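What follows is a pair of complexes built around chain A, which joins chain B in one and chain C in the other.
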Partner chain A sequence: MNILVCVKRVPAPGAKINVTDDGQSVDAAHLGFTTSPHEECALEEAVQIAERDGGEVTVLTLGPVEAEEQLRYAASVGAHKIILVPTDGSAWDPQRTAVALTQAIETAEAANGSAFELILFGNESADSGGFQVGVRVAHKLGRPIVNAIKGIVPGDGSVTANREIDGGFEVYEVPTPAVLGVKEGINLPRYPTMKGRLASKKAVLETAEIDAAAGGQTLVKLHRPPEQASNTEILGTDESAASAIVDILEEIGVLA
Partner chain B sequence: MSALLVVLEHDRGKWSEANDEALTAARQLVADMADGAELHAVLIGDGALDLAGQAGAGGAAVVHVANDAMLTDFGPEACGETVVQLAVAESVAAVMAVGTSRGNEVLAQVAARMDLPFVANCMTIAPGAGSWSMTRVQWGGSLLEDATLDSGDGPKLVTYGHHAVVAAPAAAPGAGEVREFAPTLDASLARTIVKDRDVQTAGVTLSTAPVVVSGGRGVGSAEGFAQLEELASLLGGRVGCSRAVTNLGWRNHTDQVGQTGTRIAPEIYIATGISGAIQHWVGAMASKRILAINTDAEANMVAKADYAVIADLHKVVPAITAEIKRRKGL
Partner chain C sequence: MSDFPTSAKVVVIGAGIVGNCLVGHLARLGWTDMVLIEKGPLPNPGGSTGHASNFIFPVDHNKEMALLGVQSANQYRDMNLSVDSGGIEVARTEERMAELNRRMTSAKAWGVEAELLTPAQVKELVPFINDEVILGGFHCPSVSVVDSLETGTVMRKEAQETAGLQVFANTEVLEMLVDDDPVPGMRRIKGVVTDKGTIEAEYVVIACGVWSNRIANMAGTYIPLVPAVHQMADVGPMDVLVETNNEIGYPIVRDMDTFCYERQSAGSMEVGSYAHRPILHHPDEIPSNEEAALSPTEMPFTPDDFDQQMEEAIELMDMLGDAEIKYAINGLLSLTPDAMPCLGELPDVRNLWSAAAVWVKEGPGMAQVVAEWMTYGYPRVIDPHASDISRFYNDEKSDEHIWARAEEHFNKTYGIVHPSEQWETRRGLKESSLKAITDGLGAEYFTARVWERPHWYTSNADLLERYGLSEREVEWDNRWWSPIIDAEHLNLRENAGMVDLTAFQIFDLTGPGAVAFAEYLSVNKVDKPVGTSTYTPWLTPDGGFHSDLTMLRLAEDHIRIMTGAFDGGRDEAWIMKYMPTDGSVTFANRTEDFVTIGLWGPNAPAILGKLTEADLSQTGSPYGSVRTVTLATGDGDIEVDLFRISYVGDTGWEIYVPWDQAPSVWTALEAAGTDHGLRPCGAGVYAVGGRIEKGYRLMGAELESEYNPVEAGLARPKVKAAEFIGREAYLAAREAGPDAVMCTFAVEDHTDSQGRQRFIQAGNAPIVTNEGERILDSHGRVSVVTTAGNAPSYGKYLCLGYLPVDMAEIGNTFKVMYMNELFPVTVVATTGSAFDPEDTRLKS
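Then we have the complex of A and B:
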């Protein structure tokens, strides 16, 4: 089964998240970057399926040229092909992103001479969280999509997909070619091996220059939510604090 | 008269708690929209008719009940298509939902089908004559984005973030006029309808537990969680963890608290050996009280907690358990 995974490069902030002076992006001057967690799991799922059943895994990202780092990482954990749609680094709105990704997918499928049987997106990106790019792309391609997927079993001409709901799963059986929005927890992504790292350096980066018109959602300004003021009461510096802790548990009624 | 169409959720006739938020937000939005817009609600599928009264009580002037053999169980494409056809038939000015898993997915389907912009997870919305302004969440709530939405001649498509609005009863019920709606659904849409369900017994889940005792990298091993399990069970609570712990394979992802895990709201959150990265914090910040146990007095979790103990969790956690047992006479 040939699978395409669409991933996004995002900064990896720690205790605080800062915004640039112009309010247009996260201040990433001192931050590392990573692949959005849902997509990291989508990639792992694709690699596992390909290892088991054969087929190729292609990873596609739309982002700044630096997103090559995330594509090479993908190659280091098992992706066979990597494709970048370069942007100027500004945040593209969801409609613009979806149009460009669809075009990149159509071009890749034309070159392959066949459709990807499965396309995986993250359920939502870690940063902007628009909850829609995968759905828009699937619709443009005329393919089915279901989101919030935490289990995939490829079948013959279809995939069985489990969607997480309160206290269980809904089961979908979607005909291929299909698109799924995947959530973290579907698997535990592997770390790259030394051999994988070396192979990723040799992976051929394909670049697809595509632009698209801006959509109707426009970012005006990013800002941090107001800090919840907290006055931490230090109950102690060793295990003798246990008594004060249990007093509190008793007081708030969770000890009964 | 223009209308705001709010998409409500239910599971074969079981009302979703998110609907109370949806109607609360919709009443405000409709009041803020120009020219006295009317509040319409739509309920889709089996059992929807039984809930129409509740939608009316929540302020809906008109309750559309959409039915079709293909709408018995949830299917994102069939639901999205139904909302599109209703929105077009009623020429609504806006379609709104609460950004639950289904809410965001159905609105994304509507947006894709109508080729219109869709702004997800708003905190506040200021409707305007032409474009609308809103504040929405990024990073699962760690960052806010002021945005504008320009939909040309088409309806505005938006969701409010789940829990962004505090549900309140309507000051006065709406007229609640029930209108049946029969969409024309292409047979191909059956491809994304739920085939089966696998629902385990609920019990106390992480998201509803009154006490959550979490461990981070500081716990040091999978075995180290046994002490947290014991404390949690004494308190009728559940064990949670950080993503570092999930990635190390010490706990299952179902225990992960945070942006890409579960959002919790216990009476007290006991966070041990967790540094308090923003992506963890957004999942924990709805806790009524937080107790951090950490060797690092500078840890973000300590700074944001109500109470903290600056010590080794491997000493403090067993001491709490022992003290509870002593007081309970166990």
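Then we have the complex of A and C:
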């Protein structure tokens, strides 16, 4: 099964994210970058399927030239091909991104002589979280899409996808080629090995220059939400705190 | 916050390994009323301590680093926060194998158990190593892995419990409060302003690691260090490591030729590197705790910089290739312009102290140094001259300088660095007005900190044939050396030599209190007639050497101090620290007002006599006297000061010439000397060959604060009546007599086991018994070579070094270890000179 995974370069989590003075972008001065966690899991799933059943994993991203770092990372954990759709560095809206990705996918499929049987997106990106691009791309390609997937079983001419709902799963069987939006938790993504990292240096980076028109969405301003006030209450610093803790545990029903 | 203090005796800024150990040591020394503030959370505030690899290789060629490394390792051991994992430095090249022999020698010097291993023996200890790519290993069983965060916590808590230390985390310094001081150029720390409130303090210590200079800048001063990246990747798990069921079960491997290490961390291996391009950051580029994904000093990994190291690591340990990279950082640590720490009181802000550019491996020991320094006026555990923050000249306190030098030495962290190795970057910072002339003579320049000094002159190459001299057999012994040095030496003794001594540091004390103040600094009597001089130690309060230098009585109220270029900063800081505050003394640094030209040799009086009518005999210009004379030069008459003195053992003068007129005087002397065999002569003779023959001591080599004038053979028959720093301790030392004695040793045979002639290179080679045992005196001080060099007039290669008093007899034989081989030596002088012990040449 040949699988395409679409990923996005996003700021590494864990740090306070500052916004530039003009409110138009994230201040990257102290930031490291990574791949959105949902997409890391999508990639891991694709690599596992390819390892098990054969086939190739291609990874596609749209972003600044620095996004090569995320593509090489993908190669270091098992992707066979990597494709970059370079932007000028500005953030593209979901419509524009979807148009560009669709064109890149069609170009790649034409070159391959066949469609990717499975295209995986992350359920949503870790930074803008628009929940749009995967759906838009699937729509343009005329392929079925299911989101919030936490289990994939490839079949013959179809794929079974488990979607997490409250208290259980919905199970979908969709004909391939299909598009799935994957959620974190579907697997535990591997780290690259040293040999994988070194091999990734040799992966050929394909570049797909796409000229897509801006969509209708414009960025007005980014702002940081107000700091959440910490609601910590110190119950005590010695053994007298023990009974206070018991009271609270009883109050919240942990202790009968 | 209501309980935030408004005053304290001491505020320590920074709760990394250094700040925590410092408050612990201060508490042990009786300090109270201390506050420790830290901008990050505890116990891991986010500085370099939090991501350190936490291992200690106790062998270093540098004495301070080695002994404080051992001292630190022992402190970690005493707290049971240390495991002796052992460690192996492996060699991939023959050059490195030679370096491992040198490591064996340093291990011997500092009393660290060590052995050389064959590749197969290395593999026995580290079964997953590829023994085909290595030639051997240097195994040190006492290499240890420590818990630096817990050690810091224990030391901090000890100070809280025993000395009432108050600790405030998440407290950031916003401003440093500094007061004026009566002494011009000096100020005094007054306190700190934090985001929790202001604390007035008598002492403030900057122990802020990579942020230290930012805090120093707030006080208008400078700690020359730069945050630099050390890359580290944690890879694993690997079964062979997991099976040890231990944080560290295998020795740490330092792959010296690739500048990398492999250190087990439970089931994983940490691969660290000093091989990547130097990556430096300005402190303002370091994120805050909030802005950092991991911690401020664990910056995002830049994998491209690490790929080469990965390939080499896999080559050494194939299993690493299939292990997952779980965690990788661009970890920040501190680098300084000369690769040594920044310890001590800031030279321009009283009671503001630096405890910075210290790594985990020497943290507890360096903290002890600073605590003792604050308590006793000088450290007791070791002489700190190479770490003393006041060693830096102003030209060394710029980002441009620090960055250039840090970039140059970062990749030498695991490098093979020759003891005489010269810097490549930032040369020519201070040059003599004679530079055009010395350039024309083919001078090879060595640096004395910022100053360029001719070390020898290629224009003297023709003398090699006359004296039958040639290069040394082994390249290492020949590196940064030339037989021309010996030729210049022999010519000086036969005819005369002229030495460019521009790098001399010249300080003037003037005013009604000048002589009394100079007297207070000096062991020997300074208050002598105008036109005389005093060579004298300056002692620490404990009676060890702080300096040795010469003071000239130029007028009733005018003392001129001459000191060496390596010590100018330290000596100036010492003067400013003790300067009277009543305005009775004025200090001026005159270094760049005068050029000192040395003229020595049997023909020196005849040569100088051609330029002046003055009486240059021992009557008219007696030894030790200073007088002003007029020299007739091609550019007219020039007034100079003649100081009859010698550091090379031959008669002659230091001639002090106004800066711009030095070329005229040099040229006139050169012309006058043509018929007298005069040649230019470099610092190779002045600083080593000439002085070692005469047994003249050098600050930082023979003279350190661990030794006193009695032991160095510099005690005069009588003690002056006047008070001086260290007097009480000096009197006690005289009463007790020496425990060790400075001796001169002649090398009897230079032949090594391969039949090659080897020549001991400067510094720290252990002097051992004929049975190969280390020699310690009753204070535990080890006998090592302090200076080594050829003595061509004496006809032997000489070493200086201390021996316990009962061993220090002429004719006694010992061995000196060099490159892990033993060479026989004989004591040829104790307190005096090997060459011309009666000083007949000086007085001729």
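One rule holds in what follows: the second predicted complex is superposed on the first by the 225 of 256 C-alpha atoms of A that agree within 3 Å, B and C clash if a C-alpha of one lies under 4 Å from a C-alpha of the other, contacts with A are read in each partner's own complex, and residues count from 1 in each chain.
What we mean here is this: contacts are C-beta pairs under 8 Å (C-beta built on N, C-alpha and C of every residue); 3 or more make two chains touch, one makes a residue touch a chain.
Model, not experiment: these values are computed from the prediction.
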Inset, instruction - Tell me which of chain B and chain C touches more residues of chain A. - result: B
Inset, instruction - May I ask you to decide whether A:V171 touches chain B, chain C, both, or neither, giving the answer as first, second, both or neither? - result: first
Inset, instruction - Quick one: classify A:G32 as touching chain B (first), chain C (second), both or neither. - result: second
Inset, instruction - Go through the superposed model and pick first if A:K221 touches only chain B, second if only chain C, both, or neither. - result: first
Legend entry - Contacts of A:V65 with chain B and chain C, given as first, second, both or neither: neither
Inset, instruction - May I ask you to decide whether A:V153 touches chain B, chain C, both, or neither, giving the answer as first, second, both or neither? - result: neither
Inset, instruction - For A:L205, select first, second, both or neither according to whether it touches chain B, chain C, the two together, or no partner. - result: neither
Inset, instruction - Report for A:G14: first if it touches chain B alone, second if chain C alone, otherwise both or neither. - result: both
Legend entry - Residues on chain A lying within both footprints (that of chain B and that of chain C): 13-16
Legend entry - Complex interface listing, chain B residues touching chain A: 74, 76-77, 99, 101, 104-105, 107-109, 111-113, 115-121, 133, 137-152, 159, 191-202, 205, 210-211, 235-237, 243, 246-247, 249, 252-254, 256, 259-261, 267-268, 275-279, 285, 288-289, 291-292, 297, 300, 302-311, 315-316, 318-320, 322-324, 327-328
Legend entry - chain C partner contacts - residues on chain A that touch it in the complex: 12-16, 18, 29-33, 69, 72, 190-195, 197-198, 201
Legend entry - Complex contact set, residues of chain C against chain A: 233, 235, 285, 287-288, 290-294, 299-301, 303, 307, 310-311, 313-314, 320-326
Legend entry - Residue ranges of chain A touching chain B (in the complex, touch as defined): 13-17, 19, 26, 37-38, 93-95, 98, 124, 126-132, 135-136, 138-140, 144-148, 162-175, 181, 183-185, 188-189, 215-225, 228, 230, 232-243, 245-246, 248-250, 252-255
